[in-house]
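In what follows, chain A forms one complex with chain B and a second complex with chain C.
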Partner chain A sequence: MKGYNNSILRVNLSDGTVKNEKLDDDLIRKYIGGTGICAKILFDELKAGIDPLGVENKLIWGTGPLTGTLWMSAGRGVVCSKSPATGIWAESHYGGFFAPELKYAGYDFLIVEGKSEKPVYLQILDEHVDILDAGDYWGKNTHEVEGKLKKKVPMAEVMVIGRAGEKLVKFAGIITNFASAAGRCGLGAVMGSKKLKAVVVRGTKNFEVHDSERYIAEIKKAEQKLRASQQNADLHNIGTNILVAYKSAIGELVTRNHSRGIFENADKLTGEYLRKEYFVKHRACFNCRTGCKKVYRTDGIVAGGPEYEGTMAFGTNCLNSDFHSVHEANHLCNDYGLDSISAGCVIAFAMECYEHGLLKSDFPINWGDGAVIIKLVKMIGEREGIGDLLAEGTRSAGAQLNAGKFAMEVKGLEISGQDGRAHRSVALTHAISVRGADHLRSLVTVDQLGYKEAAAKRFGAHTLPDICDPYSEKYKALAVKVCEDVFAVRDSLITCWYTCGWPPVFWLEDFADMLYPVTGMQYSPSDLQVIGERIANLRRLFNIREGLDAGHDYLPERFTAEPMPDGPAKGQVVNLGVMLSEYYALRNWDVHGLPSEECAKKLGIEREWKQAMAEYHDKGNR
Partner chain B sequence: MIRVTVEFYGAFREFADTMQVEIERGATVKAVLLKISKSMPELYRKIESTETRIIVLRGKNADLDAEVTDGDVLKIFSSALGG
Partner chain C sequence: MRKRIELEGSCTGCRVCASVCAFHNAGSQNWKHGRILIVKEEPDTDYPVICRQCAEPACLKACKFGALVYNAAGVLTVTDACTGCGACVRACQYSGIHISALTKKAVKCDLCNGKPVCVEHCPVHVLAVKEVEE
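This part shows the complex of A and B:
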């Protein structure tokens, strides 16, 4: 198939074998690439109930047909596995340059299985693949190791874990390009469990697309669309911290461990303010026309700075308006290899527990104390003192401290920087997302931003005006379902979230236009929607065979029973049940959140459905 | 007459951070923008031509025909995205 290398590199760290396998055309036609193909491989190859940090777990680095092509923002890749943070499906997407390099080395997917006895790193120089001793790098953090490996192998790209991954911190991430991360779900701990310190890749090959002239024409058309978008310009000029001021204005700025929606000192954390006070330069991923990432300077630290989620996690959610400490905490996360969202949220959780006398500490853990935030990030990365407790994540720490009501998590994953009380569709997104409390798999946005034309186009004119009412549950299930399917395609192609997350840039019709000249696969937008639905259901089945069902599609009571205390959304709570029922019905799932046989048949995943349901029932579930 | 504060964000911040507008009671968001056009025509043109602009009034997205009241703060964003 054009647009691919048609090749999977499989490395077994237990016995040191390296195999090059053919990527099957049927697999491509059904799942495209990225998260879709990873879901199919992991469903087939992982047994339910395995230990995510055990020898049986596997890690897959996935690319898509767009990866490494001239398409703007085709630099992203995905890493998938079973998560040690949640015990369920894990996928984490990253920017930078690694994914195109893997493709130029001749591989679409890299599967790492088994477990090494001693620390190793994987070096891929086109067809030369070696498992090398990492003794000199073990015990060191990511910035030092990435620098050394890049010096050793010029022009190479690196994905590396820090001490947090080595110490199996449950939310350890994998870092690349010094400040980009496959951060969520604890994939760095999976690498650590395999004693795999880093993957180094250098590729000098190329691959063909189906119709290069037509592809270039499509890219030019798309580029004009992107360049005409004010959102693209704003992302470049200010970055994702542009969200701080807007969320503050509508009362959805996640504050004080997700208890409030406004932060009185937010003006010191807005993207506009950070640009004026701390901006050094822009950063961009491979072939990107946006350049949304920013390098900031604070107190001698010049580094890739926090994006909105990092600013939320170490800033507003901890009542901390000191950007110096926010930046340093974020920088430390990149060095230790920690997911900044989970790290910040577990610290906010610790602050609330300390306030209520549920967490004992030999130093005060008070709200807004930037020095304590930095200290706790280091303690988590080193698993020192209470850092060891927090390194297990909020769900586990909440259970140990009898403080479950302060644990802002879903399925074991810390909740990202949104609040369903002020943005109803995201409440459903957090509850149903396949990797836990995630916003990126189905964040609707047009409802929140009041983009009526885009909402009508995507979800039907009949959904207006309710769809754009952020406090109404009406039609939000439809919007979440549509977005989840579309984004499954986006994450399989793979193209950057920021080129299609917000209107009026790219959607299914654009994906169809670009997929044909790359691959020769002629899909209509509705064909792609079915593929997205297939992927969404297969990932759900991965979790169902681990015993998950509707009982795991929950939100903390903070969102469903504690009215928003102040701000524009004052008094709002989420009625999750009504949205869940509607969502299950739209998906043709039963009231327990289990896909019907009819649904599985329609999507061509009947065999997987039978297997998942059998394993679900074998576990003693209904 | 009533007084409305207008705050600008994103690309609009290049023209101004904030403005005070005095306008007749019962005026709409659109009328406030037209008033701005008198003193800052380029900013007005930019706001008019930005499809992704979002206007927030009293914590909610507002249409151009929404009525402003004395002491309101009108926040105008060129876009909002991230995450």
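This part shows the complex of A and C:
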């Protein structure tokens, strides 16, 4: 198939074997690439109940047909596995330059299995694949190691773990290009458990597209569409920190461990303020026409700066308006190889526990103390003192401290920087997201940003005006379901969230237009929707096999029982039950959140459904 | 008047220029097959490396096979006579010419017959064709 290398590289670290396998055309037709194909491979190859940090777990680096092409954001890649943070499906997408390089080396997917006894790194130079000794790099953080490996192998790309991954911090991420991360779900700890320090790749090959003339015509069309988007221009000028002001306006700026939606000192953290005070330059991922990344300078630190989520995590959510410490904490996370969202949220949790006397510490852990935030990031990265407790994640620390009510997590993953009380659709997104409390798999922002015309086009005119109401549950299940399916396609292509944000520049019809000249496959938008739905269901089945069901689609009581205390959303709480029922019905799942046989048949995943349901029931569930 | 492509502003390091060059001039998706390359250094350095269109090109002097010739527009180009020996690459102090991993022959910017695709597609509009002051 054009647009692919039709090749999977499989490396076993236990016995050192390296195999090149054919990527099956049927797999491509059914799942496209990226998250879709990873879901199918991991469903087939991982047994339910395995230890995510054990020898049986596998890590897959995935690309898609648009990775490495001239498409608007062709630098995105995904890493999938079973998560040590949550014990369920893990996928973490990253920007930068690594994923295209893997394709230029001749591979669409890289599967790493087994476990090495001593520290190693994997070097892929086209067909020359070597498992090399990483003794010199073990114990060092990501920036030093990436720098050294790139000196050793010029023009290569590197994905690397820091000390946090080595020490199996449950939310350790994998870092690339110093400031990009496959951050969420603890995949850095999976690498650490395999004693795999880094993957180095350099590719000198080409892969072909189906129809060059039409390909370049579609690229030019897409470039024009993107250039006409104000959202794209804003993201370039300000970056994702533009959200600080947007969210303040609607009372959704995540503050004080997700308890409030307003932060009085947010003016020192807005994207506009950071641009004025600390901006050094814009940077972009591979072939990205947006360039949302910002390099900032604070006292002695020049580095790829925090995105909105980092600013939320170490800033507003910890009541910290000192950007210097936010920037340093974010930079430390990149160096240690830590997920900044989870690290910041577990620190906000610690601050609230300390306030209520539930966490004992030999130094004060007060709200808003930037120096303490930096100290705690290091302690987590080193698993020192209470850092060892926090390194297990919010769910585990909450249980140990009898402080579950302050643990802002779903399925074991710390909640990202949204609040369903002020942005109702995201309550459902956080509750149902397949990797835990995440926004990116089905983030709906129509109820945050409006744009009635786009809403009518994507969800139907009958949904107006309720669908745009951030404080109403009405039609939010529909929007979440539609977006989850579309984004499963987006994450299989793989392309960036920011090209199909809101109002979306690209949607299924644009992906279909692009896929033909690249792959030669004629997809209609509805074909792609079915593929997205298939992927969403298969990932759900991966979790059902682990014993999850509707009981795990929850939200902390903070969102459902504590009314928003102040701001534009004052008094709001989430009625999750009503949205969940509607969502399950739309998906043709039963009241327990289990896909029906009819649903599985329609999507052509009946065999996987039978297997998952059998294993679910074997566990004594229902 | 000699012309060349110059950076006029801050490069984001996206490599769109290199990718469109590789596709247009070599039919390849791999940016490294292009004639313009982007160097990235952490944490904040990105810049293009491209032929300076020298008045007295060291690459031309170094080539023993007559593979570098001026085209009708007066731009030095690589012809099929190139053996890929790399003498030109070693002679150029600007890294403006390199051996393509795809063709195993030298490649350098020929200004795309006056309409360079890198300039056309640069998303932040920091590449420009400039006349060289003699």
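Convention: the second predicted complex is superposed on the first by the 621 of 622 C-alpha atoms of A that agree within 3 Å, B and C clash if a C-alpha of one lies under 4 Å from a C-alpha of the other, contacts with A are read in each partner's own complex, and residues count from 1 in each chain.
Methods note: a residue touches a chain if its C-beta (ideal position, glycine included) is under 8 Å from a C-beta of that chain, and two chains touch if they have at least 3 such contacts.
Everything numeric in this text was worked out from a predicted model, so none of it was measured.
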item	value
Which of chain B and chain C A:R289 touches, first, second, both or neither	second
Which superposed partner A:S416 touches (first chain B, second chain C, both, neither)	first
Which superposed partner A:I216 touches (first chain B, second chain C, both, neither)	second
Partner chain(s) touched by A:A569 [first = chain B, second = chain C, both, neither]	first
Chain B versus chain C as contact partner of A:T240, first or second or both or neither	first
Touched partner set for A:G251, first chain B, second chain C, both or neither	first
Partner chain in contact with A:Y583 - chain B first, chain C second, else both or neither	neither
Chain A residues contacted in one complex by chain B, in the other by chain C	none
Chain B-facing residues of chain A, complex	229-231, 233-235, 237-243, 245-247, 249-251, 270, 272, 292, 307-309, 416-418, 439-440, 443, 445, 449-451, 468, 470, 497-498, 501-504, 567-569
Chain B residues within the chain A interface of the complex	9-11, 13, 50-54, 56, 58-61, 75, 77-83
Parts of chain C lying in touch with chain A, wherever the complex brings them together	10, 12-16, 19-20, 23, 26-33, 40, 42-44, 46, 101-102, 121, 123-124
Chain C-facing residues of chain A, complex	68-70, 97, 100, 103-104, 143, 146-147, 155, 177-179, 203-209, 212, 216, 223, 236, 280-291, 295, 302-304
